[in-house]
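Paired with chain B in one complex and with chain C in the other, chain A is shared by the two complexes that follow.
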Partner chain A sequence: MRRACAMVLMCVLGFAALGAQRMGGQGGTDEFVAYDVIVETGVGLGAWQVEVRPGEGMKLTGVEGGTGVYSEAAYYDEAALRGGRVVIGDFSLDEQLPSGRVRVARVHFFVRGGAGHVVGTLQTAGDAAGALIDARVEVVRVIDDEGDAS
Partner chain B sequence: MNDSWRTDEQGVGMPEGLAGLLRGLGDGAGLGGGVTGSVDLAVLGGARRVGRRRRVTRRAVRGGAVAAVIGIVGGGVWLSGGGAVQPGGVVAIAEDLDGDGLVDMRDALILARAVADGQGRDVDGDGVIDRGDVERVATMAVSLGGDGGGMQTLGVVR
Partner chain C sequence: MRLDFCKVGVVAAVALAVCAAMVVVGCEGAGGRYGSGGLHQSIVPEGGNGDEYSRSTRDGNAARARGGDDLDLSWLGSGDELWVIERGESWEQHGRVDRDGVGGLRARAGRGDTRALPLDGVRVRADLVGFVGSVSVKQTFVNPWDDVIEAEYVFPLIDDAAVTGFVMEISGRRIRAVVREREEAAYIYEAAKRAGRRAALLTQERANVFAQRVANIGPRERVDIEITYFHTLRQDDGELEFVVPMVVAPRYKGGALARGGGVGGVWSIDVTIDAGAAVEGVRCLSHDVEIEELGGDRVGVRLADQGGDAWSRDFVLRYRVAGEGARGNMVVWEDREGAGYFALSIHPPTLDSESSVREPVEVVFVVDTSGSMEGKALRQAKRVVRGALDALGEGDAFRIVRFAERAERLGGGVIEYDGDSARRAVHELERYRARGGTEMLRGLDAALSIPHDLARRRVVVLVTDGLVGEEEKVVHAVEEGLGGARVIAVGIGDSPNRLLIERVARVGRGGSAYVGLADDARGVGSRVMGKVADASVTDVVIDWGGLGVADVLPSRVGDLYAGRSVVVTGRLEGGRSVDGETVWVRGRRSGGGRIDIPVRVDVRTDSPGRRVLGTLWARAAIMDLTERAIVTGRERYMREVEELALSYGLASARTAFVVADGVGRGRRGSPRRVEVPTRVERGEEWER
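After this line comes the complex of A and B, so read on.
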């Protein structure tokens, strides 16, 4: 009788552990993560607009500025805080516009289960006069100073 | 049934057999050997009145459909900002500064430069050309409410 009870208890604990692992995605825990949005262009970046599409279980928590002339938080629709994709963008009238790899924004997400995958799509990029320019976008997960993903 | 009924002024005729049958029916109903000309005219008048009523109803339905189409097209133009149709079929609205059919962040930059130069366009309709107009374009560009995936796609009437 005692042995049967122990077997049942072990089965219950096993299923509970399996369920917890499944709820935690790929074995991770719920956490906040940040992604840098980088626009790469050969000429001064006067305006940019990027669609960021988070993976399943990810929810936008905020949009932070990037560097230089784009250090202020970019424009975005707060409706994105309810989940799903977000479109961010900004422009600058500065005379010294950045070129090359420009970090234009940092996007924060809450990730259920610790796994996340974010896709960025460049919608438009313009030069100082607002004319369309060639550019590409990269969305990179932020790693903090201690080497941990934030 | 008399001869005038069988081939009346409308040219309506019938086989002799059918005419005889109807004549018998009239006799059985006590009509005294036939339908008088006044009854014929009354029946014809009634039929014409019904026909007129149906024509009036059809015209009303047709008119309603035309009005509905005009309403839908007009409403669509009004909803898309009440802009004018440009060559190529794109409905132009004030926020689309470069006229490419999209409202994006480049439009905000173009307007911001114009406002800085003392020019620009009053897109928010408050009678003043200022930073508020630029904000409106930038906000519209990233809005998730449009059908253009952030970039507000304007109506196309090709």
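After this line comes the complex of A and C, so read on.
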């Protein structure tokens, strides 16, 4: 009898644990985060393309513009996204191209089951004439700059 | 289902209302213009929850319905009218109710709160280059409440719209949405909503109906949603046509009527036409517009009409591009290896009426006499048939089939055309009254099952507003029963179901035409008949020469009709550049002889070219696969749809756009849900 009760108790606890796990997966630790994509260059940045490699469980939920001539929402490569890669890029024909640290985009992610991290890789950067230029990329987590709106 | 109505005075109504289920009142209200009666028919309820819909069928009139168990008539004013409607049989006895998300007039917000609605305005910006329309639709939502809301809005787009972009703008921040599998997108959206994140979701409910949800709009906050799409312009009677749908018409589906509705808010529409040649005869059939010459063969068109029921009908713009005779145009985008996409437009030759000899035809008119056709719509349908009869001649024959809830054939057999038989048919036609459901399948079955007189070319002319929910079955029935016939579909009303009309025309290898409530319907009928009977080029084949083409759509080009262009898209397999090469469109000319139309290949290597041509091909492929899935019932076609849509970043039945803001910590608590009301077709108004 005691053995039967113990088995029933174990089953109950097992189901409870499974349920808790599912609950957690569905909403308990889900998170939404944003990262700024910054390209640093010594000359005017006419075009750029960056791969932002998301961590486990991260899903891209939006691509936002950066600052100045790159304030319009950048484009992402749909075919690359099919393979789990986030490749974004843009160009500008503006006469006054920015240089130095340029925030070119902001990427938004849904993180299922906890906080993740991303790695940015510069794929290409060009000047006003389309010539390749030296540049580096940095991807920085956006800390709450808006405050709690509630 | 039929309900009976009686018009009574207020006192009688109050007494009757105790046992009747619904009260309908005509009044002047914020939700639209309400006037005196004309109520002829009630509509089945949405889901057996005690509520019912009602409608008025006179132009501009409307009706409002309330549950009979909650009667407060204190708001009745002097001059208001009261209608009492007897409750009909339960919807459950009449088949299923459409629950597929087609929106409608839903002015609910919480518990009876019906303050100003959050759709503040819509701006449409279109660039019409060649035969491609590039359109941006910007919707502005403003939250008038003191708490956080979620807005839900259902709206129409043109049926072949390839939706490629969806951007949410808040406080100057523009965030581009991402295409994901539909379930995954919905999951992310719900998670964002729960987390208090501003988020938006765009789903395709039908090929031409989309639903949009915007979560966590703060008090007094404004959110702009911008949707961009490409589509090919339809050409008929030598005119290119650009349409902005504004109405989601209610659809009859298996004994029930699904909800419909049109868009709301303040609108602006700005169009630039750049056809690459002189543009002539620019005119808007539906609204008042301002037309401006912009120089260099470019023309600007701006909507001027904002009043009355301007938003209860589709915006229809037509224009003509200079150039005569048969011609073709093939635009190609290719990469360095020569692989890419193309779009070939074929403009058939104008008929030479003196030299062409027409074969005798047997025309089967299939006339929709269901309840939704009541009033002007049915009168226009009758005029179309009369006009078509005018165009028949000695040696021709005809039959007339009408359908509503059932189908009936006029007379016992084929009617030989002559003056007397035409007059008798017109007399019989005038006796038709509109009532009941829209069992289009029965009408088509009755028409297509008539034994074909092989001595004559058979043409089926379907005259309908197309307001059925079972488009797939209708298209399938046409494909299955077509045989050697051609089907031409004529859309009636200011907002017919263009998706169905075009699909039936395509599958039926015929054509389509549209007749608004104020159009010359008889003239259209006559022209349609002339066009169908006199296909200017038949047995069409495309000689691709040395071009390596693949996945060409449509896979089979039907007959070509004078004044109506056809667009063929496909992929190039690559290997070498095809710039400057020539393809040939070959066929048999009406009246005898062959025709060969040379088309020179024009290659583009710019990035927008790839985007536009690739997108147009992908959208055509998605529509083709969807139809195959419907016809065969095979899931694998829908999986291909999903793959294509994800790879090309397109909205589809299996994919959706989702965007969620990752900045900030999010709001607490659940948002209030607001369903944005939309208007319905002129001549009909619905409200829950």
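What we mean here is this: the second predicted complex is superposed on the first by the 111 of 150 C-alpha atoms of A that agree within 3 Å, B and C clash if a C-alpha of one lies under 4 Å from a C-alpha of the other, contacts with A are read in each partner's own complex, and residues count from 1 in each chain.
Here, contacts are C-beta pairs under 8 Å (C-beta built on N, C-alpha and C of every residue); 3 or more make two chains touch, one makes a residue touch a chain.
These numbers come from a predicted model, not from an experiment.
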First, second, both or neither for A:Ala129, with chain B first and chain C second: first
First, second, both or neither for A:Thr67, with chain B first and chain C second: neither
Which superposed partner A:Asp30 touches (first chain B, second chain C, both, neither): second
Which superposed partner A:Ala80 touches (first chain B, second chain C, both, neither): first
Touched partner set for A:Ser99, first chain B, second chain C, both or neither: neither
First, second, both or neither for A:Gly89, with chain B first and chain C second: first
Per-residue contact with chain A, leading partner among chain C and chain B: C
Where chain A meets both chain C and chain B, residue numbers: 75-76, 79
Parts of chain B lying in touch with chain A, wherever the complex brings them together: 97-98, 102, 104-110, 112-113, 116, 138-139, 141-145, 149-151
In the complex, chain A residues that touch chain B: 46-49, 51, 75-77, 79-80, 84-93, 123-124, 126, 129-132
Interfacial residue positions of chain C with respect to chain A in the complex: 148, 167-168, 173-180, 184, 188, 191-192, 194-197, 199, 218, 646-649, 658-669
Residue ranges of chain A in contact with chain C within the complex: 27, 30-34, 59-65, 71-76, 78-79, 81-82, 106, 108-110, 142, 144-150
